[in-house]
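Let me begin by handing over the structure; questions about it come next.
Order of writing sets the chain letters: A, B, C, D and E. Residues in each chain are counted from 1.
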Amino acid sequence: MPKGIDVSNVAKDFELESLKQGLRLDGRKLNEFRDVEINIGNSYGSVDVKLGKTRIAVRISAEIVAPFEDRPFEGLFMINTEISPMASAMFESGRQSDEEILISRLIEKAVRRSNALDLESLCIIAGEKCWSIRADIHYLDYDGNFADISCIGVLCALLHFKKPDITINEHQEIIVHPINERVPVPLSILHIPICVTFAFFNPNDVEENIKGDSNAELIVVDPTMGEELLAYGSLTLTMNKNRELVQISKAGGLSIDAMVIMDCSNLAYEIACRITDQIREAIKADDAKRAEKRLEIRL
Amino acid sequence: MDVISIIRPKVTGYDEEDSDVEMSDVEVNLDKDSGLKTDVVTPGELVTDDPIWMRGHGTYFLNEKTYSAVAGSILKVNRLLSVIPLRGRYQPETGDHIIGRIKEVGHKRWKVDIGGKQDAVLMLGSVNLPGGVLRRKSESDELQMRNFLKEGDLLNAEVQSLFQDGAASLHTRSLKYGKLRNGYFVKVPSSLIVRSKNHSHQLPGNISIILGVNGYIWISKNVSSNFDSTNSKTNKHEAKLVNHGKEYNPGQGTLSIPKLEESSWEIYSDKNDPDISESIRSTIARYVNCIKCLSHCEIGITEQRIVTAYEASMAYENAGSLIDVEVMENIGSDVINGEKMRGNG
Amino acid sequence: MILSPAERSYLYDSLSVQPPVRPDARSAHQFRPIEASCSFLPNSNGSSRVRLSDGGEAIVSVKTQVVLTKNESSLISIDVDINKERDDSNFIKNLISSLESILLKKFPIEKLKLTERYSFKVYIDCFILSHNSYPLGLLSLCIYLALKSTRLPLLTSTVNDREIEEQPTFNDDWEASKKLFEPSEHQDDPPLLFVVGIIGNNVFIDPSNEEEEVSENGLIVGFANGEIVPPVQSTNLSNRDSKGISPKHILKAYSMVRNCGKEVVKALNTVVSSDDDVFTSIY
Amino acid sequence: MEVYSPEGLRADGRRWNEVRNFKCHINTHQNSSDGSSYVEMGNTKVVCLVSGPMESPSSGRKPNSSSNLTVSISMPSFVSNSRKKFKKNDKRIQELCIFLVKTFEQIVIMKNYPRTIISISIVVLSQDGGLLPSCVNAITLALIDAGISMYDYVSSINVGLYDTTPLLDLNHLEENDLSFLTLGVVGKSEKISLLLLEDKLSLDNLEKLLAIGIVGCHRIRDIMDQEIRRHGNLRLSKITNK
Amino acid sequence: MSSGGSDELIYEAKLSVLNRVDGSAQLSISSRKDLDEGELGIICSITGPIESKARQESPQQSNLEISVMPHIGVASTREKLLEYKLKLVLDRVIDSFEYPRQLIQIVLQILNKPNYEDDTTIGSDDMNDFFSLNDLNGCLISTYLALIDSGISMKSSFLSSCCIINSNNQLTTDFNKNDLINSKSAHLIVYDLRNGKCNNLIYSESIGEFDEQIFFKNVLDKCKKEIENLNTKVIKNCITEKFKNDYIWKA
């Protein structure tokens, strides 16, 4: 861990001891998700999200391009998850660290491969012209759990984004109507996947975890950076409101009993529902604000 | 005039019947006095839950249950229980006679590759310096360490002590240790070398061999050792011829101190004897093939077995044919049968 | 490969004696024992695997594709990949260029022509699992076996499709496929490349890792149907200073390669004919 | 060609809980690695070479106390029939390597090998579904063959779902049609060390799939264990007549 | 959050917005003309002085690693040019001999741009230069704020201002996007400050046709006034606000 990120043993023992008694350094209970703060920017598809101290900004942009030859009826959708040293000194601008690769693959599977955004709806002229949607995630501040906040940020931005309305005239040219002339068109979102990440801690030594049957592993929801450094493995479940698992990624680490994983997924479902509602309200509130502002101008 | 032998890969040592036979609980034969399994144990297997056993290498424990951490056989030495893996890198023990290759010249020490988990360390303080045993170490020694031993040099040494993490610290503070020359180097798995009191032997055909416990073997021309009184005259002649009058050569017995001083730069010379005869070279090559036969058939390597294999290999006039797989296997079976007949197998 | 000066001089002296005493007592024209098998990759037209006693191992797969003859520069493409090594290193580029220089000339191109407009394109993919000595000899043996075991599906559609536009169709019964190199008709065999080490005025075939390290120079000699064929290149097997090659060396190398080449081809053909079609597990 | 016929037969004739032909050998490459293994799950053939624990070149600079583990997967171009070249930094392969490293960092007893590195290299000979499971099984066998101390086996398999019936050990066709998960289980326990699901699956079926998967992993573990014992006893008998 | 300026631009600046880096600042500049055009939002983080990577070391001085990240899309040559210009100014200003062989890592993330939706329709390149001039102005001010927050020693304070000469030859610093598009020339002026007053000119860049006299007389004065006004109104109370709660125990 470069640049002074390593934690002293005394601090580690203290945190582990407090976890054993069910206390976390920031006062949360073990199964408590940090509160999500969503504020929507003034242009469509620009959202800043805060999860405790972790903070990102998501920007959606749209362009008209030619589709892939092997998929003429589908538009393009690309998510850029580059983490700059601004988030924390452990990320280098050039090389991709392991965490970065895992996060970008996770978002890829959770949002793109699970076609949360309906690609067919992006097609303008089959085989010739289609919309290419691009989501840029800017990681501003790192305090653990970039996976969940990225997923929330991208979904919220996609729901909020509206692409300009277009018409195709007789000789196949596309006219893009600027936003102030024609009401822009929202994207068609098929489902809202929400990631929930758990971190595992081993109160006693490894042998107990592998051979013992006490299942004494400690499980914590939405780990902070300190907890992530101390954890022996993590599990990320992605779910949507209609009880559908979108992806699970448990990359080794502490081995966990199957029943415990089932409890985690049920807890994750509740959290996912709560966050989905929060996102929907944020979008509704912003639409109301925009509508009322439009009224003012017209008066 | 056989030029090439191509064989089809047969999966060594497996009967071809389908391996999916239901895992019937094959009867477990237990060692009579300790009640421990004599068969192979595999990682994660409960070895014993009797707390009297102390736990050695290759095991881990949870409260009073002891589990095996490697696939191997159980070894118990008066209440110390450890599991020896079938195959694994060389684990140095104090007093082992080993051969190593210098990998790096560091500050007052050399890093020596001995085929183990980590490189061994040879301190400047634990080597014989030119000018005999009594000389004190000086800064100039530190500067000219490369004149003594440099990267790539082969030497035989003894494990003096072990560091806390298992790495070995070597020494060559005796005349039988030092830089190796006039011969050829062969590597075999360290588990095949049978530990014995003495690891450097004289073999028929005027050849001397050093069986490093770490599986590194050095076969060289038998350079005038005056213990072997039978042909000492010829050796002396050779030694005189070779060393332009200086008496001293490594592995040679006791000598008066003054003689030791002025000729002691010899122990670090890189030059071989100029007149190693062709017959010596082909004998060395034959011994190399015999050792490879034993290693191929996974037979423990001892001096006695090498000599038996050498005699068995005489049946093949051209030593080159010894490298074929069937020939290797016949030589291996000859060695084993030879031993069974003599009953000391 | 680091050798101590004592080992180096011992090996050098042993190899410069006439006839050379090689560390494993092989004669100058003797190869190290080889373990080989072919047709074990189910989805390749031909495949082979060769392993040396020093642990060097190579796997070659030959695949074919139906292409329009006119827009293909060459119908044979060779690609070499070495485990754990960057695939754009010069070492690999040299290997590919030596292999191409011999295979492109000595290849039955007419066998690849399907119809007037279509023909087979052959992809030879070599993968070297591990190698101690210079892998060119190992690769050439492996490619020989793979090509000999390559089978091309039988064409069932018409041959002259100049006028009527038609995609070639094939008989999908694997038994009916015919071999690229028919053993029966007196057609010649794929070419081979041999590596020869040179010390003093001795020449020895299939140099092992130590022998290469000590050799003064090396020769790559092409061999096809009993004759020496180009390329014949000198290559420095070790990265130490090398001595020049005299015509005497080249003549010696020619005669050695000529007679032991025949033996090698005979031995390789027995391997091909023995396990022709069974996709056994190779380990 | 439907995936699962009403009579309960799959495309290749297997029942819902039948594992493909699982063949494994150890010590297949003695002279080019410390430990080696070859695993065949159906038509997915994988070779694993382990070298180590050995001196780590950077041990001087950063004295990390525990040994570290590196995994590299190389896919020769003849593996997939589309012959496309897997460029080295292919994201999916990198992710697989990270998964494998994190799985075995917990299983290998790292504290026995301070300041050394264990380098695992996997060569995929042919691929027909279940790549990650065959890699996990091959690494377990190769580590055991190299005599590296581990807490227990890690056996792995993939499980798919055909509307409500779980199918064990899917091949490439089944992987494309069904949503499936890959799981790795430690020894004979019910503890899951590795779990990867990449397509949609309803939450209620998760428990069923995990249960079947664990049983499948135990069966794979038994086959591997049997192979290790056979190889070990054979070698022991040879050595005891020393 | 402190803002100010009557007929000039509206600045909003805040220090210590990030907590994993040594110094950070968030700045947003919006023109008074039409408010719902959105603002130019930039966040700047500084990490340093820290141990530099092997190959980046220079024996007596600290070296600068600057990266500018656009709000959409991946960093292109336009951002590289911005980084180069920033380095020119910052090499002059940061006291690099104070931190030999060490690294100062500056990351600038452009969060918002005035109604960037139809950014893709800007078209010709020179329009781009006008916009990057404006961005450079924002980057310089936010970097200055972040440097103050990070406590890295500077030879002198510095500030920048950007003004345009529009089609009917009026000089203004408060311009929205359309003014910028159909302006005749745009100028970026960077002054270092001596007790609140502009001292000497550090960097100036101009695009478009303009008359020399006008440039030397009016443009420089206008920018000087803007800088001094920015300094007194916005920067001063932004800093006092930050240190206000540092001395909470004193009051």
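The rule we apply is simple: a residue touches a chain if its C-beta (ideal position, glycine included) is under 8 Å from a C-beta of that chain, and two chains touch if they have at least 3 such contacts.
All values derive from a computational prediction rather than experimental measurement.
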Steps needed, at minimum, to go from chain D to chain E via contacts
2
In contact with chain A as well as chain D, sorted by label, we have B
Just how many steps, at minimum, does a route from chain B to chain C need if it may pass only between touching chains?
1
Chain separated most widely from chain C, comparing mean CA positions:
E
By mean C-alpha coordinates, which chain is most distant from chain A?
B
Give me the ID of the chain with the smallest distance between its Cα centroid and the all-protein Cα centroid.
D
Larger contact count among B-D and A-B belongs to B-D
Starting from the mean Cα coordinates of chain C and chain E, work out the distance between those two points in Å.
64
Chain A and chain B have mean C-alpha positions lying a whole-number Å distance apart equal to 58
Distance from the mean Cα position of chain D to that of chain C, given in whole angstrom:
33
Of all residues in chain D, the ones touching two or more other chains
23, 25, 30, 151-152, 187
Flagged in chain E as touching 2+ other chains are none
Would you mind listing the residues of chain B that make contact with two or more other chains?
11, 44, 60, 67
What pairs of chains are touching here?
A-B, A-D, A-E, B-C, B-D, C-D
Note: in the complex, chain D contacts chain C through residues 23, 25, 28-33, 38, 40, 43, 45, 47, 49, 72, 74, 76-78, 81, 83, 88, 121, 123, 125-126
Flag every residue of chain C that touches chain B in the complex, lowest number first.
2-7, 9-11, 13-14, 17, 21-27, 29-37, 49, 51, 53, 260, 263-264, 267-268, 270-271, 274-275, 281-283
Contact residues on chain B for chain D in the complex?
11, 13-14, 19-20, 23, 39-40, 42-44, 58, 60, 67, 69-73, 85-89, 113, 117-119, 165, 189, 191, 194, 297-300, 336, 345
Residues of chain A touching chain E in the complex
3, 41-44, 46, 48, 53, 55, 57, 59, 61, 63, 80, 82, 84-89, 93, 134, 136, 138, 140-143, 164, 176, 178-179, 293
Residue numbers of chain D touching chain B in their complex, please.
21-23, 25, 27, 30, 34-35, 53-55, 109, 113-116, 144-153, 187-188, 222-223, 225-236, 238-239, 241-242
